[in-house]
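Letters A, B, C, D, E and F mark the chains as written, and numbering starts fresh at 1 in each.
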Amino acid sequence: MRSVFVHPRAICESSEIGPGTSVWAFAHVLPGARIGADCNLCDGVFVENDVVLGDRVTVKCGVQLWDGITVEDDVFVGPNATFTNDPFPRSKVRPERFARTVVRSGASIGANATILPGVEIGTGAMVGAGAVVTRSVPPNAIVTGNPARIKGYVTDTGRAGVPEPGSGPPETGRVDLGVGGACLHGMRVTKDLRGELSVGEFERELPFVPRRYFVVFNVPSREVRGEHAHRRCAQFLICVHGSCGVLLDDGRNRREITLDGPALGVHMPPMIWGTQYRYSPDAVLLVFASHYYDPEDYIRSYDEFRKLARDLPAPT
Amino acid sequence: MRSVFVHPRAICESSEIGPGTSVWAFAHVLPGARIGADCNLCDGVFVENDVVLGDRVTVKCGVQLWDGITVEDDVFVGPNATFTNDPFPRSKVRPERFARTVVRSGASIGANATILPGVEIGTGAMVGAGAVVTRSVPPNAIVTGNPARIKGYVTDTGRAGVPEPGSGPPETGRVDLGVGGACLHGMRVTKDLRGELSVGEFERELPFVPRRYFVVFNVPSREVRGEHAHRRCAQFLICVHGSCGVLLDDGRNRREITLDGPALGVHMPPMIWGTQYRYSPDAVLLVFASHYYDPEDYIRSYDEFRKLARDLPAPT
Amino acid sequence: MRSVFVHPRAICESSEIGPGTSVWAFAHVLPGARIGADCNLCDGVFVENDVVLGDRVTVKCGVQLWDGITVEDDVFVGPNATFTNDPFPRSKVRPERFARTVVRSGASIGANATILPGVEIGTGAMVGAGAVVTRSVPPNAIVTGNPARIKGYVTDTGRAGVPEPGSGPPETGRVDLGVGGACLHGMRVTKDLRGELSVGEFERELPFVPRRYFVVFNVPSREVRGEHAHRRCAQFLICVHGSCGVLLDDGRNRREITLDGPALGVHMPPMIWGTQYRYSPDAVLLVFASHYYDPEDYIRSYDEFRKLARDLPAPT
Amino acid sequence: MRSVFVHPRAICESSEIGPGTSVWAFAHVLPGARIGADCNLCDGVFVENDVVLGDRVTVKCGVQLWDGITVEDDVFVGPNATFTNDPFPRSKVRPERFARTVVRSGASIGANATILPGVEIGTGAMVGAGAVVTRSVPPNAIVTGNPARIKGYVTDTGRAGVPEPGSGPPETGRVDLGVGGACLHGMRVTKDLRGELSVGEFERELPFVPRRYFVVFNVPSREVRGEHAHRRCAQFLICVHGSCGVLLDDGRNRREITLDGPALGVHMPPMIWGTQYRYSPDAVLLVFASHYYDPEDYIRSYDEFRKLARDLPAPT
Amino acid sequence: MRSVFVHPRAICESSEIGPGTSVWAFAHVLPGARIGADCNLCDGVFVENDVVLGDRVTVKCGVQLWDGITVEDDVFVGPNATFTNDPFPRSKVRPERFARTVVRSGASIGANATILPGVEIGTGAMVGAGAVVTRSVPPNAIVTGNPARIKGYVTDTGRAGVPEPGSGPPETGRVDLGVGGACLHGMRVTKDLRGELSVGEFERELPFVPRRYFVVFNVPSREVRGEHAHRRCAQFLICVHGSCGVLLDDGRNRREITLDGPALGVHMPPMIWGTQYRYSPDAVLLVFASHYYDPEDYIRSYDEFRKLARDLPAPT
Amino acid sequence: MRSVFVHPRAICESSEIGPGTSVWAFAHVLPGARIGADCNLCDGVFVENDVVLGDRVTVKCGVQLWDGITVEDDVFVGPNATFTNDPFPRSKVRPERFARTVVRSGASIGANATILPGVEIGTGAMVGAGAVVTRSVPPNAIVTGNPARIKGYVTDTGRAGVPEPGSGPPETGRVDLGVGGACLHGMRVTKDLRGELSVGEFERELPFVPRRYFVVFNVPSREVRGEHAHRRCAQFLICVHGSCGVLLDDGRNRREITLDGPALGVHMPPMIWGTQYRYSPDAVLLVFASHYYDPEDYIRSYDEFRKLARDLPAPT
């Protein structure tokens, strides 16, 4: 199994094929392609020259990989999934250079999906069958539809909302989310004929005294915000109007929360990769931060974050 | 034509191919596949092992049939239509068992459609070109879009609404729908400044005295209800708010009606397969039934219904 | 106290004043006015000639009663309440005849209300302070605003909705309303992903087998329907979409119910004066009736109904 | 002018009339009424027994003051304005006790207004002509309509919104409002394709580090909130969604601000009487407070506040 | 009847009372008032000094006319109608000068109406009973409600819409409106799946070639536009979106039209007083004019227009 | 390169292949196909018999061209793009004749697009990747989505709106659009409390006196109107409500404008191919035309127009 297998009805013109890789019938690999180990190129796959595949990549039948495409380790490409490399193709008009498309390690692309040129499919992302991907896909995001929209994130525990009744602390207590010390807080709400009031006392009910607040609003519903981690700054998030989804990721575990009113807050300690998305059109997200703004405090690359996070001691 | 034809550039490793079947160039059939008579597998088709095809199936170019897929008699699969068998594919991660997909007899799958794993495409259904099918498709339904939604049903007479003006009985009369004795009834409506009033007298204007009523409401618009027949119970349906589509099928003929207000009712005698769908968000469907509820009275399998219906004498 | 009192600063030119009636300072009664016993005409009241007052009528300061106005027994007219008798007044243009306004027995007219010409204020009705009454007011109705709208009805027990939790029968049981045998019925509702379904079985769960149904819809919200009683016909009312208020009155007791969905029905036995109002714009009221339509069965005068109802034996 | 004047055509049966007061023609004062100095009771006014009037009260023609009504100093009552003292009047049915109505000092009641029983008209309030007042009116509020709603407050400088362009500080600066040191703050807002973000840094941009926050929401639009002052606690208000009006009053000056988005905050130092109203249905008001909650810190009586405020040194 | 009648219980201190005028019981006229001939001041009316009344004015009971009010000939003032002369009254605070209110000839003020200070009630206008008039009322307008809004205009023929079916010309013909040669035009409309198209050819179908067009839009619904006449310029009006009411008045006859779509136009020859109102929020009124703009062409005073119009020969 | 290249693993059964054309591995061309010069048929392409291809056509991998399909010169067909030729396919049921599909010269079809049977893809059109084309596509249109909708047009200068601020003439001036003399006109708008008014004077501000007007309304948003040129008639377009897009094309240059209110008009001289689309649901487009309707004046074929336009002298 450690040798390269090329089906007799396949055409393999490249010599850079890793051990354990199979090329099946009617597949065609052009000379310049570089393909890693233990890959599987099924019947009818076509690979151009300026293409790089990592290890353990599966490419199902009917897929073409064009010049400009990079596929990292452990990627799955479903049958008839279709890549492109020219945003405005005209016959016999060759663009100055082809758009570059990258599929990050561990991502999957569903059957018959279409990937527009120049996008990046993030680590661990899942492109649904039949999706038409017109913009880059964040790490671990699940996208479907035409055009593709984020429908969720790949989490460990599924999409979590409010803690199960009976199983957790009282309404105004807190629930550990199992992600880097993050907690869901139930905030006191009182209601009378004149409306509703939600209150929080810093240090007593919230874990810190804020140095600043910020308010996020008028977010187009398809947009994703956040997507970074802080080295030292803690945050406390409350969606005071409308709703939004919050994804927390400590590099080991991932969990998603829906915030939908002043009664619910989430405490994000430092070193959590946070993502907010699924903003309702009228969402207003209020955030308290424990430190003044400091650009050095931000980690903006998910891969860098994962490396740093893995060096941290596991929470007890 | 009664022998099996395999194009010299095809690879056919299975020996269970029915007479009259053709396998065209660049197609590839693995050893375990079982294929019926008079099928047509066009250029580039790929068939895995755990696959069963009935008789007279057409599979156009660029289609793959994966382990776990069953295709009954007389099915058409359009070019580049794409099947799947793993709802959450990851490279080199093999699911415990593959989802099983069934395409019932007489169904058609349009060009470039995508079929998610584990669905059933019902008898006679029509999947539109480019559709992404994420849920099972009822018998005779027509689905399109991404995700696919029911757009109609395959009927004999097209989508019928109110009878053509001039061609039928007076406003408050009844029209025979040509399906198992079913009739459309125009109900009396009076209107004054204080609003509108619609009236029906049982036995005099409606065909029976009801034993019970039921009210269907808050139906998500994509949902289908009904999809069963009664052995003895007759029903009378009025959509008193909003609108919905009603499909009537006596096993021989099919016809669709739109109910959209208290002025229109439809009488469904026993032994009619009824389906309601295209509910508007505010639809309220009022149904009178001639018998008390009796689970023995229900026929819930369309195939069983068709068999029973064919044994009935044709209406005169 | 049985004599007539006229304040020395009043002007009383009529001789038809009942015993026990007082006419206070600066009031002025013209010769043709006929005033009953035990009335009280406060300071500054002005009464024209073609005016009839019953017994025990109170007319507070600043009120004028013009030609064409009849006030029955036990009516209260608040201070500065203003009557009219010409719908399109022009100076020195006398209408052919004045519009006739009637205030039925037991009604009250709030302070500073305005009563447009030709309306009838029903028995026991209550016109709110500052209201501008442009249309007739049904018996026992409470009206407020400019223009005046029905805000409720004078009931014995206040506005009743669903029975108090814990205090009544189970969800699908029935509650006696204390009005002529009328009952509130909780109807079975089942709910699944495909929508909701409410069911009722006649004779088993509902008190009769219907001879007819009717559906009331598109009722302008300010309109009142019903306002009659049946001699023999029972009715069962369900508001299958939207909501409406139902007032039940057996001549002794009155109670109001809000119907707001298929889960709630009300059984109205014969000899109940029924009124429906506060229709939401999308309300659809479904009514089952125990008899075919018979015009002889209707009692359309509230006064006639009350007389008949009082001759019935009290329910036990 | 220091004597009491009673017009010869008036009837004054009370002896408790203050010096300088006039009672004009056709007016009628019953024996129990107590009336202060320098009042003016115009033609046709009627005053019952259990009535108290302060000094310098004007009562225009056609007004009656019934048992249970108290009118403080400097009140104006417009012509034909109508009071009541029984919420559900029936002829010859005397309530156990009359509702008590109070008109606080300096208030005005517009012509032909209707005042329902039991309300309090606050200090300095203005009831518009023709208004029908069904609920108590806060100090200095202006109410109009049927039923009456707050349309604004009596301020020194009119209704103030954002400072005039060109006349004030830069967009993110602050503007002194001339009321007890209160300032309007322009907050930084940044906007990009992913939505908008507004930020505030405590101590640097906001005047204090908060000890708690609260969020006010789901306020019915007709409701008024606030209406108290703090002895030591400062507040910072931002209407992060929708809009609301904020009235600030330091006992000497009053000014109104409209907050309508995250870009605008208002700092209310201690000893300011604050009122919030005109909430839009979707308004979310975020408040930071400089102290933890302390019931001793609240001043809830406007009259007490005014007394305390007047003892403070004037701001420089 | 040509002499002045003063009831013995009235107080009339003015000597400027016209012949045929009556002053009834408990009325009070101060010395400076000037009152015309054949007026009728009913019981309890109060008239201050700086007041002028024309001839044939009726003032019903409970009305006060304050300093600053002018009432022209033939006006009717209903009972308890209430005038004001200070927009912000405070006790013992006298405004620098009173607001002046004018009621033009032939107008009527309904019972218990409230007239705010400083408004003008136009010639022939009709203020509904209970209305609270906060803005000036155009000639012949009918206003009701709190605050008062225009509900229509006093016309000869009632509110006219589209000509009665069967009684008029074909759909694309024209109908003479009986007002100064004005015509309603039915415009050709064609409709297909791509939408609707309405066409008009100048000179052929429309009566003139336009020199200019204008488009009126974003009109607040309570606003009135037009209210002038042209000496020479003809206009053609089409409400291409939404709807509005058009009142045409040639000085002799008045008629109202509702324009509600591109299918209907109205030709207004010169010397018609035109008013547009009841604009729906989305109304867009397109006007073609036969002449360029010329300020000399406008007649902006209704009284001047009526004088000019009466000198024109009657249309044949 | 001028010879025909057929890859040894391809099957080419047709002899009508133009010089310079390549047929790559696993492609299969049936005997009846006719293919022009300099075409490129990539790996796995399948071409049936009744198919015609022009010159310089590119067909990427995984595409099938069925009987009934015509592809003109210079067309690009992306990978896995899927054609069809039977609108209601059933296995073994052959339609009487196949629907004919035409792809006009210079058009491009994106990767994995689906083309339903019988449509025409216009000259220069661009079908987006993953689009499902259910209706014909106009010349130069860009379509995307499922079902495909027009998202724009291929223009020279991108989608143009209002001219850049500062770069152009004053607000009420005109801007040359660089397309056959067409100009954008800023129309005068005045605004006051009574609403807004926009005016235009013919000959003075607009380039001609109109002979007729027409109004386009109730256009379904997906529809395209116009799509013709006039030989002599000039037009002036104003979108008086809502908005729509206007594409102007003089055969040499193309530019798109958004009209969105009465303040903006566009003058289209004769010999401009005009298209209107992206109608908002409430759009009302007002058009003035310089000539009466004349069917001879219309050019309805884009190809004919382009030929005529190219013979015109270039504008200076």
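In the analysis below, contacts are C-beta pairs under 8 Å (C-beta built on N, C-alpha and C of every residue); 3 or more make two chains touch, one makes a residue touch a chain.
If you're wondering where the values come from, they're calculated on a predicted model, not measured in any experiment.
Chemist: Taking all residue numbers at the subunit C to subunit E contact, is the shared part over half or under half, that is, same or different?
Modeler: Interface between subunit C and subunit E is built from largely different residues.
Chemist: So which pair out of A-D, A-B or C-E basically repeats E-F, with more than half the contacts the same?
Modeler: A-D
Chemist: Could you work out how far the Cα centre of subunit A sits from that of subunit E, in whole Å?
Modeler: 67
Chemist: Mind checking the centre-to-centre distance between subunit B and subunit C? Centres are C-alpha means, answer in whole Å.
Modeler: 54
Chemist: So, what's the distance in Å between the C-alpha centres of subunit E and subunit B?
Modeler: Centre separation, subunit B to subunit E: 64 Å.
Chemist: Would you give the residues of subunit E that are in contact with at least 2 other chains, written as numbers and ranges?
Modeler: 26, 44, 62, 80, 112, 132, 146
Chemist: How are the chains arranged in terms of who touches whom: line, ring, star, complete or other?
Modeler: other
Chemist: Judged by the touch rule stated earlier, which pairs of chains are there in contact?
Modeler: Pairs of chains that touch one another: A-B, A-D, A-F, B-C, B-F, C-D, C-E, D-E, E-F.
Chemist: Residue numbers of subunit D touching subunit C in their complex, please.
Modeler: 11, 26, 28, 44, 46, 62, 64, 66, 80, 82-84, 88-92, 112, 114, 116, 132, 146-147
Chemist: For the complex, give me every residue of subunit B touching subunit F.
Modeler: Going by the criterion above, the answer is residues 9, 25-26, 38, 42-44, 56-58, 60-62, 74-76, 78-80, 106, 108, 110-112, 126, 129-130, 132, 144-146.
Chemist: Can you list the subunit E residues touching subunit F in their complex?
Modeler: Against subunit F, the touching part of subunit E is residues 191, 193-204, 209-220, 223-225, 238, 240-241, 262, 279, 282, 284, 286, 288, 292-293.
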